[in-house]
Structure formats: structure tokens, C-alpha cells
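The two complexes that follow have subunit A in common; it is paired with subunit B in the first and with subunit C in the second.
Here is the complex of A and B:
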């Protein structure tokens, strides 16, 4: 019996572990190590953040699901990897530290035959002074919707702001990215329009000033270099679409912005043109940048080999071309296909945890040298697809031997769909549904934008909003491994 | 080399321009073509998109009449707003009032791939904004409000500014009745689907009653639609008699859908 250890229970980790458990049956063991006791459908955190859903509606307990699937579950965080074992054993192992109530801080080692790193990101609040608390957690100055608990906190702060407006005090809302190297602009985009929708519903929209702050170099970049939208029979670029949406709803914007410091009620920023400025706020939701979770790696003799296994940003190195160099040399083929670690063949990474070879958008920096550009999105659909491909590869390696063919899922050959809602009402909601193909532009295959423009478009309307609702229920149903879960696509 | 400028009604590509990644002879030739074409046509600015290239390159004349080469330009910040009469090469002979930012700040690259910034106001700011719009597949029509856009499209169609003339609209109030009919029928279809998984006779009787009442409602709405649509069409003198064909067709399609739903419900849902 061989053992597969999956680090992380998010979209990528959960997909890898559940498919591996199904395909391997009881002949091999699947272990999941994740610090969280609950699974969270993160896209719906937006609705939690405006008080339209409870935490319970977007999360569920992992333990019973893993028990049903025959997966061994540790509520713990991975601390370090010993891919060659240590002085006393030749077997690879991972050191974990429990986060489970009653066992917090206790360490243990788990040996593995194969390991999949799907830890997701560390929410690197401390990258921007004042955005974090100095101990790696979110600070007091802003709110976030990155986790269900953050979203609950955000909804309470929003309710307080609404009360103040009802009492006659104007409030300034600042929503966007909290650093020049953030991803997930789509989540912030959804949040600002959901807040706008809620303020209208509460009858206090005229008491609110709303502003968007983002590291995109144009409005509607969404971290993927833009796309075109079909709106009411017209086709427009996402830039024009976003600009008219913001103007229509009286939301101002700041783009090409690196948030350099956050203080109570005030952010300092630097723009791509070198301008420095400050923006005041009463309520701010700023997405933090992502980093690797800080896993360490040690050789058999105890030497630190973290640099060999992980890229400097803490994400795990995989079969990508990390030496592509300047922007003009970037190719679709730089992107990984199998997600296997080049040094240790029994290690894989999936979802946000793998180190991308470079960013997707055009690299840009201010005259002062500060890089300001979106980092590559690797969440949602790509995470699920990569997780499933990695599960396939690992299962084949375990059942057919180490020469088994590895399954491939390059982000330069896969499409992704995302739905950004702008209000939750059944008949009053709207959402922009967007698809891109491929996620990473392939300039050789598709001269011009690097994308197949027939499959890269967006549409806004009530139908998109219903799709978002349906996806919410569908993916939670799937993640709970209810009957027919394997038939639901990633 | 002087190039042909794409003009209406030839469509501009709906794709947005792609950023220049390689700064080589091909790029310099493109910039030269833009300059030659500007000189020939006496233009203040031209986007590569307007001469059929998909690269994000714009050439404008600055305040001194010198060429300014903007590669991969991005409009980063803006202030104020100003409305001026604009003309553009894509719509020869058309002059339209357009509101834009008064002052702008842009970042771009020069032909040596060096990052540059530029603050502009007045005429230069306006022409840069219009050209950057082209690089995103848009003309000044996307900067007009709905009413202005409709008037402009009419003037394109009839060759003169007939903003006050009557025209047959493409959307009517009667479409809302069709939306209600469609939503009701979607609910009926869901009802039918749910009934396939139920065996409780009381529940099925209730569902059948719902289908029956809903079908009467849809029938009634179709009758209202039929007469109201004709009344509404007559409010516009330029709406032709082909309206009636459209109205009959829409009502017939709706009634066919209803009939199919009710036949299926009668066969499989009715206890």
C-alpha cells in the first residue's frame, strides 16, 4: 500500500484528494493535511461580505466528507518537507503542526510515497505596511473577503457604515487591491458592485462616495489583459465596458496603483506614472498580495534546500521554464504541463501553490522602479482542472509504476470561466459572465491578442447572476461528494 | 508608406489591440506608415488599428506639431471634463460633441522600449484619448450617451443629421409582456420537471392546477400582447406594416411553446 499526501483542502487540494481516493480505492491511502476544519466556496464570500449569506451557507465540515471518501484527515498545517528522508529514514516525509482544537502546536511527521502541494496562498497582508498586523494577519485598518471569517467581519463593518449613513454621516468606500502585485481583481470588482447594490437597497447610496483602487494598467484588465464583452447586442472591450459601468454607477477609479501604506482612514499610493498620492476612506476592502505559505525543505543531511524546491516567492517549482527572461521572450510553452517538481519526481504542486514562470499581463513599473501589475490568476476553474490532472498522474504512478504517462493540463491550453456578480437579488441582480481561452495567451497560435477571440468574451445581465447562484449550489454539492459529483465539471 | 484608413461602414476589428513585445524594424516601419498616412490626410493623430494593424501603437502631433510616438499607451489618471466638437477619420465628414477628460496622465514606451510618462491637456489630451479608445476597438460612438448614439446612427444611415425625425425603435414596451410570458413558461417547465420526481397525488393535483391557471394567464397575456403591440406600433409613423408579421409570429411561437408544455403536462403530470 502506497500513501499520497495532499497538503491543502481548497479547490485544488480537495479535487486532487477526492478524485485520487475514488480512483485508488482502498488499495492505497490518501491523506489530507489542511489547517482548516471547513471547506469554503470562496466565490460566494462576496455575498457573505455584504450580509446576504451566512458563513454556514458557504462552508461545510471537511471531517465527515473525508470519512465518507475514506481519506485520512489531519487538521494541521504543513511546516517542512524532507523529500530524501533524514538520518534515520530513507523515506520522504512531511512535518506537520496541528491546528485542531486541543492539539494545537503539536508536531508530527507523515511519511509519503507521493505528495501534492496544494496549500494555496499565504494572504501576505504584511507586504503593505498597515494592511497587516505585523504578525501575518489582517490589520485593523481595512477589511477583506478572502476567507469566510474575513467576509463576516466585513459584513459587520458594512452594516455599521450603513447605520452611520442613515444617521446622516457621509461615508467613503475604497475597494480594490492592497499592493502593486495583487491578483484577484475580479473579487474586488464583485465586492464594490455588491456594496453599491446593497447601499441602493438600503436607500443610502446618495450618502456614499465610492472609489476603486487597482494595480491594473487599464480598467477591465481583470488580471488577464482584458477581453471583449457583449453588452445589449453591442461588442465592446472590457475597458470601455468597465468604464461605462463605473461611470453609470457613479464609482470613481484609480488604476495603475500600488498601495504603499495603510493608516487608519487613509491609504498612500504610487501610480504607474510616478505620482504619489493619498486617499481617505471610512470603509476599505483591499485584497492582499499572495505568497507561498512558507514551507521549508531539508535534504537528508539536514541542509536547507528550500531554494531548490521553492521559488523565491515561496511557491513550489514545477515543470515550467523559469528562465524565459524578458517579456518579448515569453511563450505559452513556458507554462507547466504536469506540475511535477523537477528535482523530486514524487512531488507535485496544484492550484495557487505552483510557481508560475512569469506573469500574464504586460510587466509594468513606475519611474521609481516599483513593479505595478496584476499577478497571474490561478484560482477557481484552472485550480480544479490542474488538481484533477495531478490526481490522475499520481494515481497512474501509484498503480502502473513510476514510468506511467503523466497527465497534462497547461494553462496555455485551457479556458476559464468566471462570473462576477453585481448584486444578489433574484430579479434585480446582474452579473458579468466571462470566458477566456486560453488563460495564458499563446501569441504563436493566436497572433494578436494571444487568445481565441471566439471563446474570449463576456456578457452582462440577470442570466449571469443566476449562473453564479447555480454554480454556488452545484460546487458545494460536488465538494460534499453527493451522488453524481464526478459528473460535475471543474 | 501611405496606407488606406479604415472608414465607416467597413467594420473596425472588435478585437482590442495587442501590446508590442518586440521593438524591431517591423515596428519602426509601422510607425513610418502611420506618419506618412497622417501627413497625406492632414491628421492630428492615428492609431495603428485604423490602418488595419492590431498593434497597440498611436502616433499624435504634439502642441508644436511634432510627431509623438506612443507605444503600448495606458491612460493612468485624469481630471476635469470638457466637451468639444470632434471629428475622426473613421467617420469622414462627421462632427459630434464628445465629453472627455480635460487633463490626463499616460504611460507609454518609446521606440527604444523605454518607459515614459506624459501629462497632457487641451487638444492633445483629447486626441490621445480618442486614439487610445481605438486601440481598444472603440470609436467615439462608445463615448456617446444612448440618445446621442441613436441620433448619430440615424445620421449615418440617412446621410444627414435627422436627430428629431421620427423612427421605428428596435425595443418596445410590449417586449416586457413577452418577458413575463417567458418567465411564467420557464416556471411551468420547472414545475413539469419537478413533477417527474413526485408520486404524491395531492401534490400532483396542486401542480396540475398551477399549470392550468398559469396557462390561462399566458393565454390572456398573449391576447393583451397581440392588441397592445399593434396599438404601440401605430404610435410611430415610420414603423412599417411588417410589424404585424412580427407580432403574429411572436404570439404564435409563444402559443406553440405553451401548447407543448400543456400537452406534456396533461400526459405526464395530471394525476
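Here is the complex of A and C:
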């Protein structure tokens, strides 16, 4: 019997573990190590953040689901990897630290034959002074929707702001990115329009000034260098699409901005042209930059080999081309296909945890040398597809031997569907439904826009909104492993 | 007065983009049209999902 250990029970890790458990049956063991007791459908945190959903509606307990799937579950966080074992064992192992109530802080090691790192992002609030609390958590100056608890807090702050407006006090809303190297602009984009919708519903929109602040060099970059889509017989840039939406909803924008400091009611920023500025706010939701979760790696003799296994940003190295060099040399083929670690063949990374070869947007920096560009998004659909491909590979390695063919899932050959809602009511909400194919543009295959414009499209309306509702229920149904779950695509 | 055109004068940025008129906005919430779009978007999304696996 061999053992697969999956680190992280989020979108990618849950997909890997549940498919591996199904395909391997009881002949092999699947273990999940994840610090939370609950699974969270993160995209719906947006609705929690405006008070339209409760935390309970977007989360569920993991333990019964893993028990049903025959998965061994540790409520713990991985701390370090020993891919070669140590002085007393030749077997690879991971050191974990429990987060489960009653066992907090206790350490243990788990041996593995194969390991998948799907630990997602560290929400690196402290990268921007005042955005974090100095201890790795969110500070008091802004709110976030990155976790369900953050979103609950955001909804309370929003309710207070709405009360103030009802009492006659104008409020300034500042939503966007909290650092020059952030990703996940889509989530902030969705949040600002959900707030706008709620303010309209509450009858206080005219008491609110709304502003978007982002590290994108143009509105609609979304960390993907923007996209071109067919609208009304034209092929147009997402810049026009995004600017139109902001103008229609009377939301101003400040782009090419590195948020350098956050203080109570005020952010300081540096722009791509080198100018510095300040923006005041009453309510701010600024996405933190992402980093790897800080796993360490040690060789058999105890030497620190973290730099061998992980990139400087903390994400795990995989089969990507990390030596692509300047922007002009970037190719779709730089992007990883199997997600296998180049040094240790029994180690894979899936979802946000893998180190991308480079960013997707054009690299930019201010004259002062401050990099201000979005880092690449790895949204739900790619994370799930990669998680499944990695599960396939590991299962084949375990059942067919170490020469088994590895399954491939390159972000330069896969699409992503994104639905950004603006409001939750079945007939009152609308949403921008978007698909992009492929996520990483391939200018050799699709000269001009880098993407297939038949399958890269976006439109606003109730239809996208209904899809968002359906996806919410479908993905939670699937993650709970309810009957037919394998038929629902990632 | 065309309500949807008011925002053009609110900022230079707004003035240089496009803002949907009343017909385009109505179509966004027209249930019959949106049902047709729902089917079309779903078909496209399913194709993208299939091409991605």
C-alpha cells in the first residue's frame, strides 16, 4: 500500500484528494493535511461580504466528507518537507503542526510515497505597511473578502457605512489591490460592483463616492494582459468593456498604482509614472499580495534546500521554464504541463501553490524602480483542472509504476470561465460572464490577440447572474461528493 | 434628457469610453433575451471546459 499526501483542502487539493481516493480505492491511502475544519466556496465570499449570504451558506465541514471518501484527514498545517528523509529514515516525510482544537501546535511527521502541494496562497497583508497587523494577519484599516470570516467582517463594516449614509454622512469607498504585485483583481472588481448594487438597493448610492485602485496598467488587464472579445460585431479589448462598466456605474478609477502604505482612512500610493499620491477613504477593501505559504524543505543531512524546491516567492518549482528571460522571449510553452517538481519526482504542486514561470501581463515598473504589475491569476477552473490532472498522474504512478505517463494541463491550453456578479437577486442582479481561452495567450497559435476569440467573450446580463447562482450550488454539491459529483466538470 | 448619457460629463475618463444606452440596458434584464443568452453562454462555456480537459 502506497500513501499520497495532499497538502491543502482548497479548490485544487480537494479535487486532487477526492479523485485520487475514488480512483485508488482502498488499495492505497490518501491523506489530506489542511488547517481549516471547513471547505469554503471562495467565489461566493463576495456575496457574504455584502451581507447577501451567510458564512454557513459558503462553507461546510470537511471531516464527514473525507470520512465518506475514505480519506485520512489531519486538521493541521504543513511546516516542512524532507523529500529524502533524514538520518533515521530514507522515506520522504512532511512535518505538520496541528490546528485542530485541543491539539494546537502539536507536531507530527507523516511519511509519503507521493505528495501534492496545494496550499494555495499566503495572504501577504504585511507586504504593505498598515494593510497587515505586523503578525501576518489583516490589519484594522481595511477589510478583505479573501476568507469567509473576512467577508463576514466586511459585511458588518459595509452595514455601518450604509447606516452613516442614511444618517446623511457621505462615504468614500476605495476597492482594489493593496500592493503593486497583487493578483485576484477579478474578486475586487466583483466586490466593488456588488457594493454599488447594494448601495442602490439601500437608496444611498448618491451619498457614496466610489473609486477603484489597482496595479493594472489598464483597466480590464485582470492579470492576463487583458483579453479581446467579440462584442456587437467588433473584436474589442477588455479595457473598453471594463471602462464602460465603471463609467456606467459612476465608479472612478486609479490604475498603475502600487499601494505603498495604509493608515486609518488613507492610502499612499506610487503610480507607474513615478508620481506619489494619497487617497482618503471611509471603507476600503484592498486585496493583499499573494505569496507561497512558507513551507521549508530539508535534505537528508538536515541542510536547508528550500531554495531548490521553492521559488523565491515561496511557490513550488514545477516543470515550467523559469529561465525565459525578457518579455519578448516569453512563450506559451514556458508554462508547466505536469506540475512535477524537477528535483523530486514524487512531488507535485497544484493550483496557486505552483510557481509560474513569469507573469502574464506586460512587466512594468515606475521610474523609481518599483514593479507595478499584476501577478498571474490562477482561478478556480484552472486550479481544479490542474488538481485533477495531478491526481491522474499520481494515481498512474502508484498503480502502474514510476514510468507511467504523466497527465498534462497547461494554462496555455486551457480556458477559464469567470462570472462577476453585481447583486444577488434572481431578477435584479446582473453579472459580467466571461470566458477566456486560453488563459495564457499563445501568440504563435493565435496571432493578433493571443487567444481564440470564438471562445473568449464577455457580456453583461441576467444570464451570467443565473450561471453564477448555479455554479455556487453545483460546486458545493460536487465538493460534498454528493451522487454524480464526478460528472460535474471542474 | 437621456439619463444614461449623464455620466459622460462626470470625468474625463468616463467621457472617453462607451456607456450603454437604454435599449442595451433593457436587454440585460429582458428575461426572454437573457434566457436565450443563458443557453448560448452555457454552450460556449461547456465547449471551453471540454477543450480545457
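In this section, the second predicted complex is superposed on the first by the 481 of 490 C-alpha atoms of A that agree within 3 Å, B and C clash if a C-alpha of one lies under 4 Å from a C-alpha of the other, contacts with A are read in each partner's own complex, and residues count from 1 in each chain.
Definition applied: a residue touches a chain if its C-beta (ideal position, glycine included) is under 8 Å from a C-beta of that chain, and two chains touch if they have at least 3 such contacts.
What you see is a predicted model; the values in this text were computed from it and never measured.
K.L.:
What is the contact status of A:273 with respect to subunit B (first) and subunit C (second): first, second, both, or neither?
P.N.:
A:273: touches subunit B, not subunit C.
K.L.:
Quick check for you: in the superposed arrangement, does A:362 touch first (subunit B), second (subunit C), both or neither?
P.N.:
first
K.L.:
For A:381, is the partner it touches subunit B (first), subunit C (second), both, or none of the two (neither)?
P.N.:
Second partner only.
K.L.:
In the superposed arrangement, which partner chain does A:328 touch: subunit B (first), subunit C (second), both, or neither?
P.N.:
First partner only, subunit B.
K.L.:
Under the contact definition given at the top, report the residues of subunit A touching subunit B in one complex and subunit C in the other.
P.N.:
Shared contact residues on subunit A: 240, 244.
K.L.:
Please output the residues of subunit A touching subunit C within their complex, sorted ascending.
P.N.:
Listed in rising order, the residues of subunit A that touch subunit C are 240, 243-244, 246-248, 250, 252-253, 381, 385, 388, 409, 413-415, 417, 427, 430, 433, 435, 437, 455, 457, 459-464, 466-467, 489-490.
K.L.:
Over in the complex, which subunit C residues touch subunit A? Could you list them?
P.N.:
4, 7-8, 10-11, 13-14, 16-20, 27-29, 31, 33-35, 37-38, 41-42, 44-45, 47-49, 51-53
K.L.:
Show which residues of subunit B lie in contact with subunit A when the two form their complex.
P.N.:
Contact set of subunit B toward subunit A: 14-16, 18-19, 21-23, 54, 72, 74-77, 105-107, 115, 117, 119, 133, 136-138, 142.
K.L.:
Spell out the part of subunit A that touches subunit B in their complex, as residue ranges.
P.N.:
217-218, 226-228, 235-237, 239-240, 244, 254-256, 271-275, 327-328, 330, 362, 364-365, 367, 443, 447-450, 453
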